[in-house]
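Below are two complexes that have chain A in common, paired first with chain B and then with chain C.
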Partner chain A sequence: MKLELITYPVKNVEFGRLTSYKNGILKVDKEELKKLVLEDERIVSVDLDVAFPGEQTRIVNVRDMVEPRVKVSGPGGVFPGIIAPVQTVGEGRTHRLSGVTVTASAKMTPTIMSGTAAQDTAILDMWGPGAQLAPLSSLINIVLVLRLADTVSELDTHAAIITAECKVAKRLAETTVEIPPQNMEVFELHEVSPSLPRVVYIVGFMTNWHAPHSAVAYYGLPVRESLPTFVHPNEFLDGALTADARKGISSYARTWQWMNNPVVFKLLREHGKRLNFLGVIVQRTRFEAEHGKLVSAAAASQMARLLGADGAFITRTTASGANFVDVMLTVQACEQKGIKTVLLGPEWGGKDGSELPLVFYVPEATAMVSTGSTDRETKMPAPSKVIGMAEDKLVQLVLGNAPFSPWSEITLDDYSIAGASDWWGENYFTRKAY
Partner chain B sequence: MPKIRVMHYVNQFFAGIGGEDKADVPVGHRQGTIGPGKRLQELLKDSAEIVVTAYCGDDYFNNHTDEATRAIVKIAQDHNVKMLVAGPAFASGRYGFACAEVCHAVNVSLGLDCVTAMHPENPGIETYKQYRDRRVFALPTTEIVSGMGETLPRMATFLAKLAAGAAIGPAAEEGYIPRGFRQDEKASKTGVDRAVDMLLDKIAGRPFTTEIPVEHLEAAPVAPRIVNIRGATITLATSSGVMPQGNPDGFKAYRNNQWRKYDISKLDTMKGTGWDVLHAGYNNVFMRDNPNFGVPLDAARQLEREGVFAKLYPYYYMTTGVNAAIPVMQRIGREMVTDMKAEGIDGVLFVST
Partner chain C sequence: MVQITAMTMVGKQTRANRIVAGTSVPHPCGDPSAPPDADRALRKEIVRTALEVLQTDVEQPTVFTPKITFTAK
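Let's look at the complex of A and B:
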């Protein structure tokens, strides 16, 4: 399975009369894209705006974002199971627009009023201290400001948002189809020297089996109480893993992040150089009872052993403590099978860093990389522009928490800043003992 | 520039007064250096001056901790010192404890920077980590006194750095024992790059350093069983976030930091009797439909009627236990139990989610 990924960098986005890409300038025909979005009757209104890195713009009601990609040759299409048939992807040629996102800011009428199944929103600042935390702030955000019909169910809300952002993203990437490639990377798990250490990536992620959408989908299918699945890393690059588009909080990875998972990219690029990348074990976590946690850990580690792994790179998503137990037990199960592990992710530790960094430990977790604390709070100054408000005066992040005006200075935790929790080590943060 | 004035604290043995037989000597002091202080002063050169040495017998200190620390703080104050150095105490437990206590007291009362040194497994390190004073530093030593020769230069270097007003970085870089704070910093490589390096080192058997040390969490002991359950008062407690309608006490959906108890004395069931749920960590739908799952009042009333236990306490205790800090939950637990004991409750049925 060989995938040629061709990157077309975007330096500027302009609204114009014809959607096109030339010399780093992406021109966007607003009316064309609005029409595309409004094909879906679940969406009653849409507007488009652009937020540039460095400008004093705050995007609110942030749900999900994707990177513009399009399949140019090879089986299937990008975002399989969402806007393409369910057909194994990761082969052929895919074009991407880098430096830009299609970001969905959406208003909906919730019917689930609390708990893990409820929708939530995040905030994305394009400047200042908030932007220091969120890599998404360094990208030009093409924002779809969506309003869902009142009668749309929670699951249909997800479906409408993700379909809209994927359709727009694909349409934008299509502008590059005729442009000869300049920046091509080839990703393939080809034969390598047998002396290289054999490494597997176990990407753990919490899902909620009971929710309308479980939080993570594989080929558009929400992953519920499944056992680990083995996936080719190239599948990530064609959008085979996607998020619940109703949930903006950074406790869960957004679709843009799934497509750009830095561990997947790093291990693909190191393949044949410093290591032999065997593939990705996709592990659903947060079983509710110990039995499930143990079985999931046993299955993931057994899969790694059967692949002949010398080492496992292990990550997780969500700040849940129960979820973390599954992850630690997976570390333990791997080590007990002779597979060396490294566990990467954020720690807790409290605002002043005086609490224990983790909520559960196994003695085998001897190699851990910290991406900083999720307990940070960031004071974010008042913006000069807010995208995603429409006629509203207040925004609400999590149901039950007090709504507030986004026009003022606000202090937020990492979860409320889109993409601020670093589950996969894309940032430079660490935490050190004093 | 005038030299920074330093006080040195030692025990009766290093003060040259005597061994175990003199361990009950009360607090005293002498001008200038005594014992290891002499070598320490040589090493400090012009960076700082030990102007006074305070001492105390190890037993005396342990048996009269408050008095002893007060006396030592007074000596520091009277001599107008600007820093304190204590020890090194090596593996001596009572001495290590005294060093940690003296550092804490001097730091808190006078705001002075303090440096001590002892073996990492000295019980004094537990004290040091409990206090977590930002300006108290303990350097690691060998278990036995033969490590004096290599310890004193490290202490002198550290003191000189503090005397010069330099910023003190992370424990691993500065060579002190971590006090239990962690602080975000930017590394020179991304997390994923560091993790691949670490994994390849681990596979190859090369040395590597974890960024998060493994800790041992204290297990909660199981309470003894209630012998006479038929005479017992039982209460219900829950971390499921079942609460009165409209969240009147302002609970947070996650990282909550409070608890309440709510009246159920006139109710036989939680279903359809006006309860709300706030908890971002599980599926609330079934709980909203039937809060008996979180507060099993229906079953408890049945058992009360059958005489399985004597009395159901008229309130239930609640908090929301999602993504909460361990120390916060420990405090909530202690406060709830204190209240339950004051209310004469014999047993609690705790429903977690």
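Let's look at the complex of A and C:
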């Protein structure tokens, strides 16, 4: 399976009369894209805005974001199971617009009023201390400000938002179809020297079995009670893994992050040079009893062993402690089968860093990379522009929390800032080796 | 003290003295998906075990498993 990924960098976005891409300038026909979004009757209104890195803009009601991509040749299309047929992707040629994201800011009428199954939203600051946390603030955000019909169910809300952002993203990437490639990378797990270490990536992620959407979908299908699945890394690049678009908080990875998972990219680029990348084991974590946790760990490690892995790179999502037990047991099960592991991800530790950094550990976890703390708070100054408010005065991040005015100075934890929790080592914290 | 938890490994690591294995993380003391009679029997057995364990001397963190059967989730 060979995928040619061609990058078209975007330096500026302008609203204009014809959607087009030329010399790094992306022109966007607002009315055309609005019409595209309003094809879906679940969406009653849409507006488009654009936020640039460095400007004093705060985006609110942030749900999800995607990178503009389009399949130019090869089987299937981008975002399979959502806006393309369910057909294995990761082959042929895909175009992407870099430096830009389609961001969905949406208002809905919730029916689930509390708990982890409820919808939530995040904040994204384009400047200042908030922007220093996550790479999403360094992208030009083309924001879809959506209002869902009152009668739309929770799952349909997700479906409407993700369909809208994927359709718009694909349309924007289509502007590059006729432009000859200048920046091409080829990703293929070709045969390599047998002397190179065999490495597998185990991407663990929490899912909620009781929620309308489990938090992560594979080809549009929410992953629930499943045992580990083996995936080609190229599938990530064509949008085969996507998020629950109702949940903006950074406990979960956004679709943009699934498409740009830095571990997947790094291992693909090192394939044949420093290592032999075998592929990705996609592992649903946070089983609800020890039995499930042990079985999941056994299955993931057994899959790695049968692939002949010498080493496994392991990550997770969400701050859930129950979830972390599955992850640590996977580290243990791999090590016990003779597979060396590296576990990467954030710690807990409390606001001042004095609390327990890991809720559970195993003696076999001897190589870990910390991406910082998830519990810190960041003070963010007042913005001069807010996107995503419509006629509202207040925003609410999580149901049950007090609504507040986004026009003022605010102090938030990492979970409330889009992309600020660093599950995959893509953020800006400096690591120090001890 | 006795701790009822579905995550006995965490209980041991945090050095709880007496740990009773519960059914699942969201429902340590029962199974709402079971028929009411079965759920009641399950709850009763877990709490009975916990009361019995409270009267048991232990030297180190010790896991006690109630006499229950349930389908793991």
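As a convention for this text, the second predicted complex is superposed on the first by the 428 of 434 C-alpha atoms of A that agree within 3 Å, B and C clash if a C-alpha of one lies under 4 Å from a C-alpha of the other, contacts with A are read in each partner's own complex, and residues count from 1 in each chain.
As a working rule, a residue touches a chain if its C-beta (ideal position, glycine included) is under 8 Å from a C-beta of that chain, and two chains touch if they have at least 3 such contacts.
Computed from a prediction, not measured in an experiment: that's the story for all the values here.
K.L.:
Are chain B and chain C a fit on chain A, or do they clash, once the structures share the same frame?
P.N.:
clash
K.L.:
Quick one: is A:V359 in contact with chain B, with chain C, with both, or with neither? Answer first, second, both or neither.
P.N.:
Once the two structures are laid over each other on A, A:V359 reaches both partners.
K.L.:
Quick one: chain B or chain C, who's touching more of chain A?
P.N.:
Touching more residues of chain A than the other partner does is B.
K.L.:
Of the partners chain B and chain C, which touch A:G321 in the superposed model: first, second, both, neither?
P.N.:
In the superposed model, A:G321 contacts both chain B and chain C.
K.L.:
Have a look at where A:F287 lands relative to chain B and chain C in the superposition and call it first, second, both or neither.
P.N.:
second
K.L.:
Based on the superposition described at the top, state which of 199-207, 217-225 or 325-333 belonging to chain B clashes with chain C.
P.N.:
The segment of chain B occupying space taken by chain C is 217-225.
K.L.:
Following superposition on chain A, which residues of chain A contact chain B and also contact chain C?
P.N.:
Residues 321-322, 359-361, which sit in both footprints.
K.L.:
Once bound in the complex, which stretches of chain A touch chain B?
P.N.:
So the residues of chain A in touch with chain B come to 112-118, 197, 199, 208, 210-211, 262-263, 266-267, 270, 274-275, 310-311, 313, 319-322, 340-342, 344, 347-350, 352-363, 365-373, 375-376, 398-401, 413, 422, 424-434.
K.L.:
Name, in rising order, each residue of chain A that touches chain C in their complex.
P.N.:
It is residues 209, 225, 286-292, 321-322, 325, 359-361 of chain A that touch chain C.
K.L.:
In their complex, what parts of chain B are in touch with chain A?
P.N.:
132, 134, 168, 170-173, 178-196, 198-200, 202-204, 208, 210-217, 241, 247, 252-255, 277-285, 287-288, 322-323, 325-327
K.L.:
State the interface residues of chain C toward chain A in the complex, per the touch definition above.
P.N.:
For this pair, the touching residues of chain C are 6-10, 13, 21, 23-26, 72-73.
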